[in-house]
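One chain, chain A, links the two complexes that follow: it is found with chain B in the first and with chain C in the second.
What follows is the complex of A and B.
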């Protein structure tokens, strides 16, 4: 639920209308002027784009391409080297220079600071690289199953609180190949309307019927469940073979937590299975870092399938599914990503093992607990300061992801370029990752950000926000939160 | 926002449950007002640029509105961006896509009433005089017929049928 001034809604719609009008005008003239030039020698080949599918990319996205896909030249730690680029033809082609600028990194999913070299993890990773080499060059069921993989599966299962786990080499592929292995034709998938593309892809690929419920709206979920159970399968009205409700721990575009206890109770009432995607929440929230179940006090045994990725908090790559022994046994025999895809790279596995050991405190220090406390403190501080400055910030407390609403299409590049000019690397998200009118800048806080880094970030965001005009809410306590006062507290 | 003391009027926008990204923008607050304001400012623009009578300006706006809305709502099919939906909307015009294909929703009723109101204003202010009256009538007839529920997915004489 976002609150925006009415005039902003009107101007945003008008701006998009204007951009579309100019885009169509340019297309019209291009068709006239370029009609005699043969565009391609491929006669009788079908066109790559059906109709006007590439209109948005050509006329809207290409204007602001320099705000996306920025190449970097260092590890994505709290500070990052962004390669400077220039364009001579209005962003149609962008060229790299050899200069880099050192920017504060507010865009990486580096929640616990494992993205750069770590004193416990990195030596062990280098050792495993020498011992097991960079890739197993084989699938898990063939020659790709090493001691590290088995150790990590047991460790992940223990960390998350489930009896068993299965590892896969890619987070996106985890969702898109596991869901078809769990449910097929004759089943029903009920997924939150803001679920990630990987879940949507997996649901479409499974062949099951898919229904969507309004984001975090438990009453609507119950309504959809009741209606679907009563109706049964389409046309035959036979009962569904199984019903899976898919929700995420933290929704990365909203920064919100899901209402897990209520979802579990509704699912238990109607005997539906629950699938929890903890890509952003595992390792980042909860007292001991065990994710949204830890934070909201839900017993992991109540969630049927827990999925997560190692890309965000553990500084590695890959994904896992944790569930009961029978489900994992079934998945190991049916999931195509397990049987046919190369297993996770051994150094990446070692990185996750070391990272989990640090979080659990099994490396002999309390760095894990310190990191968790640091990220919680950083997130709450940053979010409350941003709100005091008048920005519209989404997301719940304790969530390290905070989207700042921009709305107007012109504010997207203005905010992004101004931040880069002042040496802060912030990520802006627009259509089609978000709804058309609700474009935002997404800030991800890390445990490796120090208090000075955060204060500098706040200063720059405030300046960029003033220039772009995105402080939609009144500033609270105007005099007491000036940046000078914050610096004095240090 | 630049206002001192006086709070701006806020609206709440809950994300709508429309999986079709091509049409879900139409369910947000402020869309109807923007549409009406656009028509009004277009009329002012035509008046100020050409200096013709108000009725003639409304006729121009009505005909331009006919051309633009017919092209974008009832002629172009599919989505203007590469959605990952395997092309399920590639045979449907925008009008057939909105509200998930449900007929007679509030949005559809509003969009059907707007050409009729434009027609009434334009015809009244031109005193029902001949060439304008005929053109306005053709415009409103085509637009309203195109929006009727019975015309859902109908392609007359195969015009604009699929590739």
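What follows is the complex of A and C.
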């Protein structure tokens, strides 16, 4: 939970107010100057972007554009080559140079370290590329169904613990096209307030009514369910045809796990269906890497539909849905991404197959178990050290995602640029991905980070945090392990 | 008349007495300089009655909120529908399994077949140069990019690919998406908001329909590829509408419709767009790399300068033999999408090896424009050979690489038509080893165009492949359709 002290809230509001005021002032002068210029040939067309719609982009975001969209020139592994960029006109346009700087990567979703070339996966991927080529050029139901796709669907179903699975080429498209295939007008979707944009788009595209419950608040979920079942559809009061409750395994902006056992028991009591989006948690948490069900001891048969992506822990692309045989059969007949979209690229399929085999230990080594233990140890160590330094860190134990609160808009670019100067690549997130006052820096730990990497990261974050003034909590003096002592432990 | 007089006399006597009573001063009192007369009593009584009625509350049946016990009962009674309908008997679910690359010849279920089911228009599947660039990319960057574009998921091959495509088409800039169909359904909601007007063809495919639905704008459909219908729709929407200058207006068309194989007449559309001040969004998935003298798409084919088309989107899963999509247009158009297009901001970026495959494919096309003439001659040959197929007719454009065959006479219902066509496709595969497919529809698709058999012609097909296909198709359709007609 975020505890926003009053003084911080006031200063943050004041900063944003100042930025908005200056932005409006500059817009005003720009309008005066533009009205004297001759009109272009687009004079009778309405502007493609009305003035107030991209105000935030032009006046606030463009000032700190260099903190986002940083290009890299290497694989997104533990250490990356960030391409240096420069700007001649105050960040309005940014140009690439050919110089790179080697930085520690604390931003990519590389939980198990499969991002770069791997000794088991890459030879097999290259072999499948030579056999099946980079793309099948056709949809899955026509000529895009290869042996690899069928093998992966069976493997994913076995890994997750469900009877059957369906594969799709993009994680975002999985949510936005599966939800309309499952529920339509006359149904109700109850989703967590912090759900991802793909779920929101899928829910809107389905035509069903959408209600939101407060993040991880089971009592509120029960209240919403009771009220909605009792009242029925708005205005006609007919009963709902079905209700689906959508939650995520790990929420990517909070680092928190969802309270899955309580959600399942509430949904069973009121006969609602559950849809679990494990984009960030599959492969990364749990004793054998099977996600949040494994960690919290929930039987996969209790969750109706389990969704996940291959981008984060498996180092590939694409998404899957695992459910019962009837649901998968129905989805194969109706899901638009299965019928109209190019099937997943065969080398990417092979990468996932190899990665799952490594995690399960079926490649003959225990690298999978070592990686899972490594990421758990790394996350817990990093989080406890950050808390000791006085940062405000969100998220639960065992979760590899760690947001550090920044709040103030001026601290966003200062933290990011200072970290880059000291060769650490960190990610900062602000509005609209988070609420306006609650901007944060987000750290993603990987199994390929070694202990020295983490200690260097801690050192740099501490220095950048001192300069930006984001250590909102008192440093724990008695239990502080200074950086020198940590190095001695090594 | 005799009866009337006593009645009149009695009435006037009563009236006289009543008026005397009214006008006689009552109690000889003077209140505030006003004589209290008899009529004041009656008026006072009336006013009291009126005030009494006004102060009464109107009758509303009392509202009682549901008690907890009642809510419990309702929750127990409620029975939801099952999450999915039960499996129908005899439903076809098995799709053929490929065991090698989807080039002009491939191995399906163990035997070698001629492949007309992959949209491999330029025959680039299996091309050595592309595979070599992919191998180099895989060894350097791994498979996935592990992050969205904003968070260290932008790799230098993405920037190179965007620059290459923009240079190839002659536009200022372009933006890459990680999945073919997500391109159009992210671009449309980024530019069209509630209150805008969109005029779209009724034959657009599902991804465009989804984008139109998500944009919450007013959508008006015109008849499939009918320019007269488009002109009259535009006229109706803009006539007398003074506010039309403040609202953004768009026309959404596809260059080659994948539901019918027709080609949109771009010169006519541009003329109409300039007359009525609309912007054009052109979906070029199946014409990029196919139409035009050097493969630059529909604009080159019709000789229209590329600046006149405001937004062009395309999926790269067809002619370029890779995956993903791109969108291109003016600098303002492309920059706006980098922050407000949901499929770009909230999704992981394209795997780097697919971006390098795209760069090599465009390079190959620029260096070898002869593959375009191979493709064109193959299409022309196929049209000639299939022109006399019994029971089936070609309903696509003569230049479209998607050759669309539909039944000359419908069997009665769409399901029966689909059954017939599927039987033809299965028998052609089993008996003559030619792999063809029918057009399949999801039940979420609202396009009403007829289904048929879709043949995807490739520049890698030889003349013998085409003659095998046409002989087989003629034989099988003669036998299957003669049972029915």
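Keep in mind that, in the parts below, the second predicted complex is superposed on the first by the 482 of 490 C-alpha atoms of A that agree within 3 Å, B and C clash if a C-alpha of one lies under 4 Å from a C-alpha of the other, contacts with A are read in each partner's own complex, and residues count from 1 in each chain.
Quick note on the criterion: a residue touches a chain if its C-beta (ideal position, glycine included) is under 8 Å from a C-beta of that chain, and two chains touch if they have at least 3 such contacts.
Everything numeric here is computed off the predicted structure, so don't read it as measured data.
Of the two partner chains placed by the overlay, only chain B lies in contact with A:214; chain C stays clear of it.
By the touch criterion stated above, A:471 is placed in contact with chain B alone, chain C being left untouched. When both complexes are overlaid on chain A, the residue A:337 reaches chain C alone and has no touch with chain B. Which of chain B and chain C touches more residues of chain A: that partner is C.
In the superposition on chain A, A:131 contacts chain C only, with no contact to chain B.
Contacts of A:75 after superposition on the shared chain: chain C is touched, whereas chain B is not. In the superposition on chain A, A:274 makes contact with neither chain B nor chain C. Using the contact criterion defined above for the overlaid structures, shared-chain residue A:10 touches chain B, although it does not reach chain C.
Applying the stated contact rule after C-alpha superposition, one finds that A:171 touches chain C and leaves chain B untouched. Using the contact criterion defined above for the overlaid structures, shared-chain residue A:197 touches chain B and also reaches chain C.
Comparing the two interfaces of chain A, the one with chain B and the one with chain C have residues 49, 53-54, 57, 197, 201, 204 in common. Contacts from chain A toward chain C in the complex involve residues 44-46, 48-49, 53-54, 57, 61, 68-77, 80, 82-83, 96, 105, 107-110, 114-118, 121-122, 125-126, 129-138, 140-147, 150, 169-173, 176-177, 180-182, 196-198, 201, 204-205, 225-227, 229-230, 239-244, 270-273, 304-305, 309-312, 314-317, 326-327, 329-337, 339-342, 345, 347-348, 351, 425, 427. Residues of chain B touching chain A in their complex: 1, 7-15, 17, 19, 21, 24-25, 28-31, 33-34, 37-38, 76-84, 86-87, 90.
Interface of chain C with chain A (complex): residues 66, 70-71, 74-75, 78-87, 91, 93, 95-103, 106, 115, 117-120, 125-126, 130-131, 134-135, 138-147, 149-156, 158-159, 178-182, 185, 191, 193, 205-207, 210, 213-214, 245-249, 277, 279, 310, 315, 317-318, 321-323, 332-333, 336, 338-340, 342-343, 345-348, 350-351, 353-354, 357, 435, 437, 440-445, 456. By the touch rule above, chain A contacts chain B in their complex via residues 1-7, 9-10, 12-14, 16-17, 49-57, 193-194, 197, 200-201, 204, 212-215, 220, 431-432, 435-438, 469, 471-472, 474.
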